[in-house]
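Okay, so subunit A shows up in both of these, paired with subunit B first and subunit C after.
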Partner chain A sequence: MIPLALIEDALVYANLLLMLTVGFTLTYLIAKIPNFAHGEFAGIGVYITFTVAQVWKSNPYLAVPLAFIISAFSGALIYNGVLRTLKRFGGTMISLTISTLAMQIMISALLNIYADYLYPIAGAYSRLFLFRHLDFEFIGLPGVLIVSTIFLLTLITFLHLMLTRTRFGISLRAVVEDSSLASILGVNVELACTISWMLTAGIAGVAGSLLPLWFQGHPYTGSMLLTSVFAASILGGLSSIYGAMIGAYIIGLTEIFGTYLLAQTFGAQLTAYRSLIPLTILCIVLLIFPRGITGLIEDLQARRASKAMVKIRGEGS
Partner chain B sequence: MMENISWLLDIVVFFAVYLIVTLALNLQYGYTGIPNFGLALSVATGAYTTGALAGRIGMWICGIRSDLDYIMYNPMITSMINSAIRYDPLKGLTIFFSTIIIVVIVSAIIGFIASYPAIRLRADYLMMVLIAMAEAARIIGLNYTPLVGGTTWVSVPNVFIWMGDMASQFLIITILAISILIFLFMQYLVSSPYGRLIKAVRENELTAECVGKDVVKVKIQIMMLGSAIAGIAGSLWSFYCGTVLAAAYTRTDWTFWPWLMAMIGGMGNNIGALVGVATVIICRRLIIYYKYSLEAYIPFSVVWLEQILLALALILVMMFRPQGIIPEKPAKPKIKKTSQQ
Partner chain C sequence: MIEVYDLNAGYGKLHILYDVKLKVNDNEIVTVLGPNGSGKSTLLKTIMGLTTIYGGKIIFDGKDVTKLRPDEKAKLGLAYIPQIGNVFTNLTVKENLIMAGLTLDKSEFNDRLEYALSVFPFLKACLDRKVKTLSGGERQMLSMAMALIMKSKFIMFDEPTGNLAPKIATEVLNKIIELREQSKLTILLVEQAARKALEVSDRAYLLVSGRVIYEGSSKELLEHPELGKLYLGVKKL
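Let's look at the complex of A and B:
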């Protein structure tokens, strides 16, 4: 029998991972580089919650919109200040990726400085903190689970409608397909990129701001989540945000339940190896179906289409 | 006076160890074009192997009771080994060199495993996988206590203790000598026909394949060689520190600093790697040296200042001088009268 707390754990974790993975995948699709600094936007969110809850002593949920705005702003800053400048100087794909790694180091250093700075002000330990006690409860369920689920559903609907129904979403998809062709057709590629970076960074910030309500927050939260985000994204296929959603849920649930089952079977010392689970999945995916779930679905559709074609031809003759 | 000398020796050790790591990276990325973001994986492998085996080999060579738990009684065992080799240089050297040989073998095996994705994946996937692999190595090191004691540390025997007072200086000279040897080996390697082959693989895999070169085999060899060299660096570093702390092998320290050094100096160029390492090490040591005077001006710990400067330097170098201080020169083939023509 799996305890209820564990299911809550797994669902909250999967929800947060999904928010991060969707953003990571969207950035990858648009900028064509893995954004290693993506986890740090979550780190920013974590510290905004700390500031709101511990320093200002108000409701931690007030941090959510604030985290969205500040993370979105830093996302736009990184894209326009670093990546775009680097591209103008003729940066290759590798140098752009290294620049995101550099940004990751820098933001993590800034978060550490901020944590040091907050320590005397907050009068509480600013490196490992947990605000589970500040969360509300609704019909026996933790508030963060409900809030993150609602946010998630809104997000999925919003993204789906935006990408299929709005003019901006369609131009964004054009940029994903071929950015130079899109710019010929009058799409403002840089604006589309900036807005998408703001959006993905903001979503990551929201995920980060909800995180300390259920899990421990510290300056390295972002970089610790990064392996799971990679794994989820690659499992999803790195080519569609819907694949990323499925991938994130699979990784999130496997990580929590897998650790639990392993600890149950082989002893509690195995919980420390939790981060190896997404890595293992990552390796398996790359070995067996490197195009991920999206690739599998596409193959299936192609096979069905060709079968249908054979059938039509058969009837015709 | 003494303080200045010890400061200089400190710089020399940092220089030598980072030179080895940077040369390994330069071989893998600069010459062959494999963006290895899992450099820390090889360094950590070298260090963990040293931590786990140097003392155990020492126990075996010095005939110390083997029923003691190596991790639990580690300080005691290390001091027993140290006293056993105090008047026995041969045993000390045997421990040192046999550990390094094992490190080379183990790191090469790890390099072989890491080459599995390296020959199959595109650069962006590869970076993610290698970063994740390096993290995995650290997690295993942090949690699997029989290796290097998990969150505590294990000590490494002082293999030059028979030198008396000069032990640490002698160790530093040995480390420097090994790094110079590796540098000369690299220079020889890249100016050989094999060096031209790996550059051909970097420039265009398809062309290299078309003229009958086995690209996959070359990549596997380079991953193994680079990993073995980086492993030696990890091992030498552990011998210098006298301890192995699993948590120390972070990706900032052992992946990004070498990347910065290689990029500042110039990729695809061993002299450039040397210059880059020297520049960065001197800057870093100066920051540490003037730590207290600096801390009066900045309201936070110098550790974070160092990281911010690392990130800034990386970005600025890529923007304004992507080819590095010393750009790669086209190879001058040694003109020899060969009998084949």
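Let's look at the complex of A and C:
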């Protein structure tokens, strides 16, 4: 029998991972570089919740909009301050990618400093904390599960409608395919990139701000999440946000249930090696179907289309 | 309409265009000819702002636009239809047409969309199809339809008849002449089918190794004894 708390663990984790993965994939598609600092936007969210709940003694959900705004602002700052500057000096994709790694290290260090700075002010341990006791409950379900699910469904609907129905969304997809053609047609590519960085960083901030309501928050939350975000994006195929959603759910659920099963079988010390699960899936995907779930679906569609063609030709002759 | 002075440009450090001078007057059709790799496409890209400019000036409608971004030029009314990759294959036909009308307001867009669809009626049946399922020629026609929608005063076509059957190629060139007459557009054309292009254009430039080696009326170039034979494959009339 699977304990209920474990199912809740898995669902909350998968929800948060999905928010992060969709954003990671979207920035990858638009800016063409993997953003190693993406997890740190969640780290910022984690400490905003700590500030709101522990320092200001307010409702932790107040942190959600704050985290969105501050993370979005950080995203815009990194994109315009670091990446665009490097690009102007002729930075290659590799140097840009490494600069996001540098940003990851820097934000993580800043979060450590902030945590130490808060320690005397908050009068509580700021390097490892959990706010489950501050969350509400509704029909027996934890508030964070309900809130994250609602946020997620809204997010998916919003992104889908934006990308298919609005001029801005269509322009974004155009930039993804061919940014110079998009610019010829009047799209300000840098502005589109900035807005997408703000949006995805903001979403990551929201995920981070919800996290301490169910899992322990610490200065390294962001970097620890990054492994799973990577695995989920690559499993999804890195080419569509819908693939990213499926990838995130698969990784999220396997990571939680897998760790539980391994710990049951081989002993609790195995939980320390939790990241092995996403890493193993990552390796398998890269070896066997490097285009991920999206690639598998595309192949399937292509096969079906060619079968249909053969059938039409057969009937014709 | 557009004046280019002593333009030196290329890709990064790769210098392609040397001291190019070019002028297209209002409502004129000008053709740029030259062998493969001579820098014709690079010239159009440079005018649109997609390459590295080392020196020179580009004046559009009396305004210095040398340093503007492509999207800013698009908003001023400069349009460019690239030789390859002129449609978004992962978007639907309708979405491509929307992209072409990005700088227009809603009602103007709807009018032009209706016009473009009346010129290329086959597009009506596949508005919701992904462009990657269209044939090369169909894509070329879609890009012409996009050109009809764009809000432009000056439009540059890079080999618009490239993949088309001869009959449709003639049709496309006729469409371009029509554009000039009906919408009062100014047109810069790069063509492989030199003969046909010269027949529809007023003046021509011959570009070899990134330099303009000849400039004059299309008729003169067609009848030029050496250049015609050397670079255009034009038989003597």
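In this section, the second predicted complex is superposed on the first by the 317 of 317 C-alpha atoms of A that agree within 3 Å, B and C clash if a C-alpha of one lies under 4 Å from a C-alpha of the other, contacts with A are read in each partner's own complex, and residues count from 1 in each chain.
Methods note: a contact is a pair of C-beta atoms (placed from the backbone, for glycine too) under 8 Å apart; a residue touches a chain by one contact, two chains touch by 3 or more.
All values derive from a computational prediction rather than experimental measurement.
Enquirer: Is A:198 in contact with subunit B, with subunit C, with both, or with neither (first, second, both, neither)?
Expert: A:198: touches no partner chain.
Enquirer: Which partner does A:189 contact after superposing on A: first (subunit B), second (subunit C), both, neither?
Expert: So A:189 only meets subunit C here.
Enquirer: Is A:275 in contact with subunit B, with subunit C, with both, or with neither (first, second, both, neither)?
Expert: first
Enquirer: See if subunit A has more residues touched by subunit B or by subunit C, and give me that chain.
Expert: B
Enquirer: Could you look at A:234 and tell me whether it touches subunit B, subunit C, both or neither (first, second, both, neither)?
Expert: first
Enquirer: Could you say whether A:63 touches subunit B, subunit C, both of them, or neither, answering first, second, both or neither?
Expert: After superposing on A, A:63 lies clear of both subunit B and subunit C.
Enquirer: According to the stated criteria, A:82 is in contact with first (subunit B), second (subunit C), both, or neither; which is it?
Expert: In the superposition, A:82 touches subunit B alone.
Enquirer: Just subunit B (first), just subunit C (second), both, or neither: which does A:97 touch?
Expert: first
Enquirer: Under the contact rule defined above, give the subunit A residues that sit at the interface with subunit B and also at the interface with subunit C.
Expert: Touching subunit B and subunit C on subunit A: residues 90.
Enquirer: List the residues on subunit B that touch subunit A in their complex, please.
Expert: 35, 37, 117, 120-121, 123-125, 127-129, 131-133, 135-136, 139-140, 142-143, 252, 256, 259, 263, 299-301, 303-305, 307-308, 310-312, 314-315, 318-320, 322
Enquirer: Quick check: in the complex, which residue numbers of subunit C touch subunit A?
Expert: Listed in rising order, the residues are 12, 48, 50, 69-71, 74-75, 79-80, 82, 85-86, 88-91, 95, 98-100, 102-103, 150.
Enquirer: For the complex, give me every residue of subunit A touching subunit C.
Expert: 90, 167, 170-171, 173-174, 176-178, 180-189
Enquirer: Using the touch definition from the top, list the residues of subunit A that touch subunit B in their complex.
Expert: Checking each residue of subunit A against subunit B gives 28, 32-34, 36, 82, 85-86, 89-91, 93-95, 97-99, 101-103, 105-106, 108-110, 112-113, 116-117, 226-227, 230-231, 234, 238, 269, 272-273, 275-276, 278-279, 282-283, 286, 290.
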